[in-house]
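Each in structure tokens, the structures are laid out below.
Both complexes shown next keep chain A, but they swap its partner, so chain B is in the first and chain C is in the second.
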Partner chain A sequence: MDDMREVVLKYVIQEYLEEGDDDINYDSPLISSGTVDSFSMVSLKRFLENKYKISIPDDKATPEAFDSVNKIVTLVKQYL
Partner chain B sequence: MAFSDNIRGIYQAQIKQLRDAGIFKQERFIHSSQAADIEVEFPTGSSVKKVINMCANNYLGLSSHPDVVKSAHEGLDKRGYGMSSVRFICGTQDIHRELEEKVTKFLGTEATILFPSCMDANAGVFEAILTADDVMISDRLVHASIVDGIRLCSAPHDTFKHSNMEHLESKLQLHSDKRVRVVITDGVFSMDGDTAKLDEMAVLCEKYDSLLFVDDSHASGFIGKTGRGTHEKCGVVGRIDIITTTFGKALGGASGGCVSGRRELVEMCRQKARPYLFSNTIAPVVVSGVLRVLDILSQSTERRDKLEKNTEYWRKGLTEAGFVLKEGDTPIVPVMLFNAKLSQDVSRDLYDLGIYAIGFFFPVVPQGQARIRTQISAGHEIHHLDEALDAFTKVGKKYNILGKTKQEIIDMYGA
Partner chain C sequence: MEHNSTSYQDRIKDFDWSISEKELGYKRGDVLNIGWYCSDRICQMGKADKLALVWENSAGEERKFTYNDVRRTSNSIGAYLRSLGIKDGDRVCLFMDKIPELYIGFLGVLKIGAIAQPLFSAFGDESLFVRLKDAGTRAIITQRKHVSKVRKILAQLPSLERIIVVDHDGKKPLQEKEVAFSIYDGKGVESLDIFPTTAESPSVLHYTSGTTGQPKGVKHVHYSLISQYLTAKWVLDLKDSDIYWCTADPGWVTGTSYGIIAPFALGVTQCVQDVGFSAEGWYKFIEKCKVTVWYSAPTAIRSLMKAGDEAVKKYNMSSLRHLCSVGEPLNSEAVIWSERVFGLPFHDTYWQTETGSIMITNLPGMKVKPGSMGRAFPGITATVLDIHTSEPITSPGKVGLIAIKPGWPSMMRAYWNNEHAYKGKFKNNWYLPGDRSSIDSDGYFWFAGRDDDIINTGGHLVSPFEVESALLEHESVAESAVVAKPDQINMEVVKAFVSLKPGFNPSGDLELEIMNFIRKKLSPLAMPQEIEYVKSLPKTRSGKIMRRLLRAKEWGQEIGDTSTLEDDE
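Showing the complex of A and B:
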């Protein structure tokens, strides 16, 4: 779990944060804060599916389910 | 009664929320034609005030140009007021074909199709040329109309960090399995005034067999040595697959837009783009005006040259006064204030001094990046810019922000 949290957090920072942005933690809101726009969820979903060899149904990949690193990890674990 | 008190209450509450959040938009009524000097009624009901306009997209000062107005009059007389039909039934005149051909020549593309607006061009183009087997990869700061077009399209969508070519390349690699990849960007970004790296993007798109789409609404007519647009500035004329642009800004400022680019893609828009199929096109009077605008711009670069000089003068003046600007060389010159309330206060004080410039803040720009967006025009004379610089300096002194860094301004007012 901790490993996965680290992997997802690292990916989100690398993929979405710009230079000078505030740091984020496992509970920081991602979608609702605008850090990750809802369009960019496509690459996040694709990353998770490739990394953990899972398939997340489109109707489960909601902005709410992707709204923090902890929520993402909870979602991914349902499909492992 | 369908519109019951209950339903009315729902909308009244929503409107109140907008007011409470400080994001309720209010129009300012202009009692004159669009120009550097305008007469404005603000607040609504107050007496009309003469101000210098520093926030119009009237980059070339052609909105009220006598030759353009004359041509529009002639168009009205010769081709009438309206078409009362969509293009493919009985809504296409010879002058629509003439304008499409002239735009193609002006932009250096293969073909062009007119749309009622560039908003409509962006709304229709992606769905017309892409399927669920393709992918759209857009810069994260593209214009809202592109975002809407992307939403209306069945192809999946991904983004890359603003103007970050390494990130773009990683996305092109990630989506290498798709049938068609389209990289999507603004030519000049409307809020920051920076220019897309079209030269590097063209190379990447050629390397990864991808289409390149550019919305050049804030560039057509004045960016590049002869004003053809961002592709001319970046030396990639003929290498952009799709250009969308507007006639509602520099090119006369009335209305209308187009998709210009590869012949087959334009043809797909003619067959499938819904805003083209299900809406009247540009009215004859406007088409006649735009035809004259393109003639003026093809004969001489005088207006875009003057705009370039005005922009340099304005940037230099603001910098010497001690304001923090977004770097760039386009006529969009954002004066950074960072704090939303400060941007509103500065805008109001400028207006009191006869300068019309609007404050932008979240959600129009990112949190902590509030600003006054100034826009320079070839219609400005040096005395307009001097008066505006004088007013900006007075207001800057009042708020003690001249010569201060970003951090110092944020420390004083918050972000």
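Showing the complex of A and C:
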């Protein structure tokens, strides 16, 4: 769990944060804060599916389910 | 509450744009400066202490600006730009998130006669570069989170002399050509000599995507105010007592025409939320601000529908009295849903960057036919033209090209540096927006699709040419073709067909790498949501990629004539 949290957090920081953005943690809002927009959420979903060799149904990939690293990890674990 | 718009028939009878000119106190030949009309004039009308802008971000920070604050702060920005040598006619880019500096800075730029060039802050460095280069932009106002994109391209932009960072915190040193400026330092400038722009002086340069070639700069003039003011008053039904929320980003035309110019010119209070999308976050904002008039987009409305009715019920939505939508066709289900959950229908509005203001719409009080765009705004002569003869179609229900008679105040005056493309937008003295529609026997327009390959994703236009060009810059891509793919929420999304160079193999990881490459280079909107690997792309015998064929496959349509096809994979 902790390892997955680290992987997801690191990926989000590396791919979606701009240089001057504030630091984020496991509970920081991602979608509702605008850090990750709804279009970019598709690439984040693809990353999770590739990394963990899972398929997340589109109707489960909601802005709410992707709104923090902890929520993403909870979602991913359902499909492992 | 009585609507600003009486009946459609009453409005079109003896309509003249001078109605708007009189209300604004404007006479032909007068000085006309949007920056002044949106701030100084409202203060002179006795509303200096009225709230103009209520802003909040995702961290819960809130800022409020009265009309006097907007007046003084826009004066400060104008004076600062002048001190840097910026003068009338210079292009000043506004490259910021939805922060107060964007809204007020826009007015400051106009006040000194410079041309405001707003650009979507999620643009990547390549998208930013082509637009700044084409415009010959002299200054850019931005935030420290976006300044790295400017630094990457600065060496290739000799015209760009100043980079103004509005939130510099001193933690990292400023670099070449960068200066720090904060609207929160000092009390603002009380008096500014406003540049005497007139009706035809250039005001705003918005960039829009074309089917071929680079994005086009749509030049608007200060006289656009006449259309924007009256359409906002009659269609959005804005009144002095309203609390207005336009969810559009001023990086796009809705966000400037109806997110800055029109509401400020009408002296209403508007709310802005600089956050990402969340259904409950939006409902909470409406409840907290007591929003009365809400202008949003079908993609957002469909996302709200997806979040379910229960989310709405948690909040008090009773302040809402009028809802409008723009950006892409509003499906009938969304209208029916909004009537059920808010007790109000969304009123569709149709227009585009080039038209500057609403062209076809449902006026308040008019019968809303769910799924229809409504009727032509008073003073707008709109029809559909036969695709082959370019003559107006007289039979109800027959699909043709939407056509508008030129001459309304907010019509674009040119494509920047591109007279050829501008002339190409007209046929038989009609302006052609590039969309197809039919008209029913009551005069209501029914959208039928684009007439070109442009992709409308979430209400934003994406050029397949731009994405294809960027894809070719990825080391693995030999050839690419980009088309629209149907999508339940965004109407359309970008899909790319890609053939790989020798030595590269199709994989999920490569697909993700290419997606992220485009997202960072162009924008999240332009990022292909799906990449399909192909051995080769269908081409005509002359070597032109047949996007039409790929698009038809995605939409389950007839492929049509393939007699010129070189290789049917």
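Going forward, the second predicted complex is superposed on the first by the 80 of 80 C-alpha atoms of A that agree within 3 Å, B and C clash if a C-alpha of one lies under 4 Å from a C-alpha of the other, contacts with A are read in each partner's own complex, and residues count from 1 in each chain.
Here is the rule we go by: contacts are C-beta pairs under 8 Å (C-beta built on N, C-alpha and C of every residue); 3 or more make two chains touch, one makes a residue touch a chain.
The shown structure was predicted, so the numbers you read here are calculated from the model rather than taken from an experiment.
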Once the structures are superposed on A, label A:Arg46 by its partner contacts, choosing first (chain B), second (chain C), both or neither. both
What is the contact status of A:Glu18 with respect to chain B (first) and chain C (second): first, second, both, or neither? both
Across chain A, the partner (chain B or chain C) reaching more residues is C
Touch test for A:Asp37: chain B only (first), chain C only (second), both, or neither? both
Take the contacts of chain A with chain B and those with chain C, and give the residues found in both. 18, 34, 37, 39-40, 42-43, 46
In their shared complex, chain B is touched by residues of chain A numbered 18, 34, 37, 39-40, 42-43, 46
Which stretch or stretches of chain A touch chain C in the complex? 15, 18-21, 29-40, 42-43, 46-47, 49-50, 62-64, 67
Under the stated contact criterion, what part of chain B meets chain A in this complex? 138, 140, 147, 150, 156-159, 161-162, 171, 174, 363, 366-367
So, in the complex, the side of chain C touching chain A is made of residues 58-59, 97, 122, 143-148, 167, 274-279, 281, 303, 306-307, 457-458, 508-509, 511-512, 515-516, 519, 524-525, 527, 529
